[in-house]
Amino acid sequence: MTKLIQSLMYGLNLGSIYALTALGYTMVYGIIRMINFAHGDFIMVGGFTLFYTIPVMKNLGMPLWLAVIAAIIVCVGVGVLTEQIAYKPVRGQGSTTALITALGMSLVLENGALVIFGSAPRNVSPMFSLPTIEIMGASIPGQTLLTLVIGFIVMAILSLFIKYTKLGKAMRAVPEDKVASTLVGINVNKIITITFAIGSGLAAVASMMYTTSYVSIKNELGITLGLKAFVAAVLGGIGSIPGAMIGGLLLGIVEILVKVYMLPGTYEAVTYLILIVVLLVRPTGLLGKAVSEKV
Amino acid sequence: MAEEKIPVLETKSLGIQFGGLKAVNDVNIEIYKGELIGLIGPNGAGKTTIFNLITGIYTPTTGSYILCGKRMNGLKTHQVVEAGIARTFQNIRLFKKMTVLENVKVAFNKNMKANLMQSIFRTPYFWKEEEETTEKAMELLKLFKLDGFADQFAENLPYGKQRLLEIARALATDMKLLLLDEPAAGMNPVETAELKESIKMLREKFGIPILLIEHDMSLVMSICERIYVLNFGEILASGTPDEIAGNKEVIEAYLGKEDEDEGGDV
Amino acid sequence: MPKIIRKKLLINIIAVVMMFLLLCILFDTELLGRKAAYFNGLVTIGMFYTIIVCSLNLLTGYMGEFSLGHAGFMSIGAYASAIGTTLISNRTELPDIVLYIIAIIIGGMAAAIVGVLVGIPALRLSGDYLCIVTVAVAEIVRVILSNVGIEEITGNATFGKSFAGIARVSDYHYVFITMIICIAVMYSYIRSRYGRALISIREDRIAAAASGINVTKTKVLTFTISAAFAGVAGAIYAHYITTLVPTYFNFSKSSEFLAIVILGGSGSMTGSIIAAPILSALPQLISYVFPDFASYRMLIYAVVLVVVMIFKPTGLFGGKEFSLSDLILKPKSKKTQVLSQKVNQE
């Protein structure tokens, strides 16, 4: 029982990292039908920002959470730059070109980080020092719980933002019909940029959660994390914002449970198997909508 | 007409529903050997949907369709073609980055027999079959005066020629029934006249029955033997061009609104 | 066989034989001295890259679908063939060439079998979804290979997760001949009714079906062939490098293959044949002189890839083929060819 509760908490924690990342994939895919392969690497960028800014904050005697703000700023900057420099010029040139460009940008960030930071893993110093908390006999690190709460708050804010603000409504309108959105006065290009900014910001929050729990980062961090978050987005139904959250949490819990109880070595294979099964049985995911081709 | 024989194509209360919408409902069409049948109706009446049903792109929710006595429901598109129904598309679908000759040769594929090993090891049989196919394809192209363009990419053809190439490609499948989806759409009068000649030539030379969707009324009225009028997914009327032209319901539903239809389906 | 094609074939055969002789002169004589072994290795790497890049181009360029999991198929070929040859050499002594041929066959077959098993369900999907499924398959393969007990299968000792002690039989003479055969087979496939069907599907899936093409069958067949050649490349790699680690065959490797296909020109076999050896061997050659270069290699490719996508999305060769025989048989310039065509029409 203790083990189960502990696994569930870790699962939720991992799940919210996936969820926050999956949101970035799903929002971008919803608007421009492109798998933004570079999105996973935004987390890596956030991780390295934290790695360098936390000691700085410590030395200056400033609150350490300011490092997260720095990570958000850097990630948003990188995200928007990626969109403006690489993705905007190829928009409308077909899905093939978009896919390759996204892959290219992912490789640029990954290998750029390799050149700048080297290939050795780095340990991000802890941002919070909280005591371990006992829940029904299971001991959970305090910072894991805290980041979990932060992750949930961020998702709640995003949901409210998307649902009630004018900008959020515009963000929901553009994926439905680009032309019609333009007709009602929505600046589609602006919405796309804002989507990238929000997605990258969420990636920065995810990187905060990741480094708090898993500490070690390296230039290839974004690949597997990104792929799994994409699995979560597909599981929830790509393009669907609540879907990404549910898919992320579900995937995190399943992955930890499989790891703890069934296949400690090959649990990752199960994650990808889930993706394949979902795509074959229900390609629209849990909450996605079907799109058919006009003949 | 040849009522005594079994029809080449027969649809029996064919229908399909998308969500709650009955896009096509209870459609009964019969086409006999050598006939040229028109299928007309306002935009969104379900004409192309019927083509998509007959060619296995959509699966009918009700009814069935029968080709020369063989029930065709549930066949995939390529199986439908093998059974003998060929079609063209409303919005031209050519293999743009293939040459005009290759476009036609693709359609001969189903009758070619060189297997994978023969193709890879380039056996004499492979070469013989390739040459024969090229010859047959060139003959078809000649019929439509496209042989001069054989080595050009299909996308570089003028619009009217692209429509003709699509018909030539459909013919290469060696079919029993030809479905033409708005072949005159977007054509100028000269091209339309050329098309009319081509269709006439097809009938004389091949004697195949044709089901034609067309908005160009003068074309339909001048060449079709019988016409079915579709409205809101159902057959509103059928008969000879004269009967249709005099049908009050049709005039109300369709001809009366002709001006609105100029917008063209996308 | 038409006369012109017979002529072209002859020219190509002469060119291939001349290249082979050139390699022999370089590596089998004392010409390069002590460096021969190093350059020899580079050439071998360039050759198995050529095979796998061409096989990926079959999907990307001619079928119009992306695989970001080709490293996975390569790893299946590598591991299957290495296990096979290790088991065989533990029992009997076979000449290198026989062992090599066995490795190639096992590698190709194993990858082809997995290709069919994956292809039949997965090729109902297309575009982004298919691409992501190939990633997932490769990752599954990699995770499984990281956990499979190679030691228990082969009886040979392993170091951690690496599979060492594979017979070194990928001699460049054999590899060169294998590469030529692989390219010839893929080229013949494309220039047959199968290839025509394949390209028509890339151009318009629905129109292809409406022209009687069995879309699923053609796609699965091509996917299988592509996987098989990736497996062959894997077998060559395993028996050249002699030590396998599952992490080599990761997502980055698959992306590298795809990057080379795109840079060479998607849909141009000659593009792949030129790009693959250059982009795989050249950086190693440069890092021989400037040791730091290795870490910049993929960054440069990535930047070039993005720049190419923005300015010339069709890649270096952009679907066009370069033909040596055309150059020899038809020395006229392009312009005069077009002119003569026009004259013929009138």
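Read from first to last, the chains carry the letters A, B and C; within each, the first residue is number 1.
Please note the rule applied: contacts are C-beta pairs under 8 Å (C-beta built on N, C-alpha and C of every residue); 3 or more make two chains touch, one makes a residue touch a chain.
Just so it is clear, the structure is predicted and the values come from calculations on it, not from any experiment.
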item: Geometric centre: closest chain by C-alpha means; value: C
item: Chain pair, most C-beta pairs within the contact cut-off; value: A-C
item: Most distant chain from chain B by Cα centroid; value: A
item: Chain centre separation (chain A, chain C; CA means) in Å; value: 34
item: Distance from the mean Cα position of chain C to that of chain B, given in whole angstrom; value: 41
item: Separation of chain A from chain B, taking each centre as the mean of its C-alpha atoms, in whole Å; value: 49
item: Residues within chain C bordering two or more other chains; value: 206
item: Interface hub residues of chain B, defined as touching at least two other chains; value: 57, 89
item: Overlap residues in chain A, where contacts from two or more other chains coincide; value: 295
item: Contact set on chain B toward chain C in their complex; value: 55, 57, 76-78, 81-82, 86-87, 89, 93-98, 102-103, 105-107, 109-110, 112, 114, 116, 119-122, 124, 126-127, 130-131, 133, 148, 151, 169-170, 172-173
item: In the complex with chain A, residue positions of chain C that touch it; value: 64, 66, 68, 121-122, 124-125, 127-129, 131-133, 135-137, 139-140, 143-144, 146-147, 206, 250-252, 255, 258-259, 262, 266, 295-296, 298-299, 301-303, 305-306, 309-310, 313
item: Chain C to chain B touching residues, read off their complex; value: 1-2, 185, 188-189, 192-194, 196-197, 199-200, 203-204, 206-215, 221, 319, 341, 345
item: Chain C contact footprint on chain A (complex, rising order); value: 33-35, 86, 89-90, 93-97, 99-101, 103-108, 110-112, 114-115, 119, 220, 223-224, 227, 230-231, 234, 265-266, 268-269, 272-273, 275-276, 279-280, 283, 293, 295
